[in-house]
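Dumping the structure here so I can ask a few things about it.
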């Protein structure tokens, strides 16, 4: 019988190794798998490559892994916010490498990773500093960049509700990067508010089908959806 | 005020010109926009390029356009079925060009057309007859083909329910090619069983957001979902 | 062109500027509003027009700010501020949201700018002295939207933002269709920058004095927005 | 190797063959079943195992055939036959369905074959004398699935389907992991074809006689399916 539920965030992330590539969902605090990230700060894996849209928007996100010196490389679109100082410091001293990627290219590279597309062309960032050094190609619409897929060893995502098989539904704009990151990792771990029995989620409304979810962690208390607003 | 509803299928497709590229949703009879296709056989536009997964599975699908001599080129994955004879005949006499594309490559090429990706790499069909003559590239996973986006001048799709803005939900496996084709045409026309007021569809369950749908046609009678089974 | 208090007081207020932008958004358009000044446009859509606002974090149908106490951390805009969803709105993932943007499905993006050139080149993601750039969805929106409108102060700290060539890192070249500032509405065309409309009490010469690129004026200055060249 | 009635009567029946395949599908696997013979596997999943079946037209959790009169033309499998959905199943578009297939998310695809070579090359989409090929999802499934199992009659009209090199157009090269026929279970390895198991009453020599490529046998012939090389 399929059983993806783990007792705790700590157990679900226990086997994450030094040097792993980690996709972290969320857009600022919304849809951020903060309990999984928190468990990882305690678990202590180092030299991580972290892929996440926002770095520094909230304290208990990727910023916590950075200040804990667990990160070697960041791939993101928006490395700015009240908690970005430690990132800036570490980029300056060379301990963290930063790759800034346009948000849509980031999403599409992750989607490509999940969909078996090793590379694709996009006009976004052509003729700009972020396109420098990239392979280019002319199409009838103009100059395009060749962009490569991003895959994770792990994805940490957040959803509202899961069933035992791992089907997921989300709450409003909590979706953001979570459904796409779920598709692009060897091991996708979802922290959810509740786990229901198989069949309780309307099949027409499932956003992330069970095939993409390998481990589930149920949060002990339902999160207060207003905690992270305007932090 | 946004109003996408047309009085009839005939009026919704009236401006479709000779030589247009037309995406037709459906997988066999399921999710097939048969009223729009039927109206097109009466409207009479010629020299069409038609993109549709199955050709010949049902009579009132693309097969009707073929036997009516309206088609110059077919792009599909599965040109076989009880109503494929007229296609075979016309391929033999040279009046129709056929491009067979693996189903996943077809879906991905249409998705690329809707997502602003002019071309992408895929391992599907490498080292096969369907990959002959295509540009190739080695990635660490092996040989890949460069595949180009498909866009339509029109997409004919079918859905169960629309609201006035054009948001769509589907019924079970009726989804198939409909949501992806909706994204890839200049003018997407949906035939639907019902049109409800804005706000009546739960925003968490909308499959095709309103931005992709330009015209709506409400079917007069709810379709008998068993009509096309085992035709 | 040093700091001049008088210059900053004439022309449109921020809300008037946002209203002027909103006037050009047509019934049924799908529009993305950038972070900052463009966000104000949401509050001044003319009565009776259905403009569907897109937010790149994954929604269509962005509504006004929620009442105090009604905020939901999982219902936010691209600036991570609490918002509401209008009836008819929908949620989707960021990959679907950017497929929508990059696939050319939005009728317009209204964005802020650090600099814009007379050719329509936009610089909006990185200041030369900032430790890090913050690109977000700006490059995708400028490349993907059918029309790119800028909504900005005409000058920044007394320095013109409209220039012959951008000196800041580009967001995208040749992408801006129209510039709305507190002083004027300016069209970017192949033949240069044309002043389409002046804010009340502002003269052409005054706008030119605040602009580091040559401006022109059409014989008939009230060209309608619909006649704007559309990229896609 | 001409038509031989006896040869067609010995070995597994179609249902026994499907059951033999099902035996190797593990609890929790996501599996796609091809059109034809592989479809039978759905009906013989061992009790107590949760195998989630995928259908490329856009669903996970394919269940048994509906009762007569309960068919829904919008609930069909990849063969366009009416099916049911199990609790826990989900619907999605074809682009999502093939992203799932091509992204390597299915544990196994069980497919039919016209020919399979000793190197694991598969030919299954076009017969040399057919007016048109019909590729459907076959090329995507063979390239994308973690494991490709064939489920087929050992011979077609008395002619071996397992050959040294395919003469029919390829679906994909080097893609088959294991071949299940009415006569035997055969593993495709870098060192050639190994007979893993014989149907009751079938000898190694008999299978070799029905096969147009050299077969080998391991010292220990009961290798478990789990030890199969996985592509991804």
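Letters A, B, C and D mark the chains in the order given here, with residues in each chain numbered from 1 onward.
Operating definition for what follows: a residue touches a chain if its C-beta (ideal position, glycine included) is under 8 Å from a C-beta of that chain, and two chains touch if they have at least 3 such contacts.
Not measured: the values here are computed from a predicted model.
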Between the pairs B-D and A-D, the one where more C-beta pairs touch: B-D
Chain centre separation (chain B, chain D; CA means) in Å: 29
Distance between chain centroids, defined by C-alpha means - chain A, chain D (Å): 35
Geometric centre distance via CA averages, chain D-chain C, whole Å: 56
Chain centre separation (chain A, chain B; CA means) in Å: 33
Contacts with two or more other chains, residues of chain B listed in rising order: 108, 111, 115-117, 122-123, 170, 172, 204
Per-residue multi-chain contacts in chain D, two or more chains: 85, 91-92, 98-99, 101-102, 143-144
Chain-chain contacts as defined at top: A-B, A-C, A-D, B-C, B-D
Contacting residues of chain B [partner chain D, same complex]: 27-31, 53, 57, 77-80, 84, 87-88, 91-92, 98, 100-105, 107-108, 110-111, 122-130, 170-180, 207, 225-230
Chain D - residues contacting chain B, complex: 55-59, 71-76, 80-82, 85, 91-95, 97-99, 101-102, 126, 131-140, 143-144, 169-173
Contacting residues of chain B [partner chain A, same complex]: 108, 112, 115-123, 139, 141, 144, 169-170, 172, 202, 204-205
Residues of chain D defined as touching chain A within the complex: 27-28, 30, 48, 50, 52, 54, 60-61, 85, 87-92, 98-106, 143-144
Residue numbers on chain A that touch chain D, as the complex places them: 1-2, 111, 113-117, 163-165, 167, 183-184, 198-199, 203-204, 206, 209-212
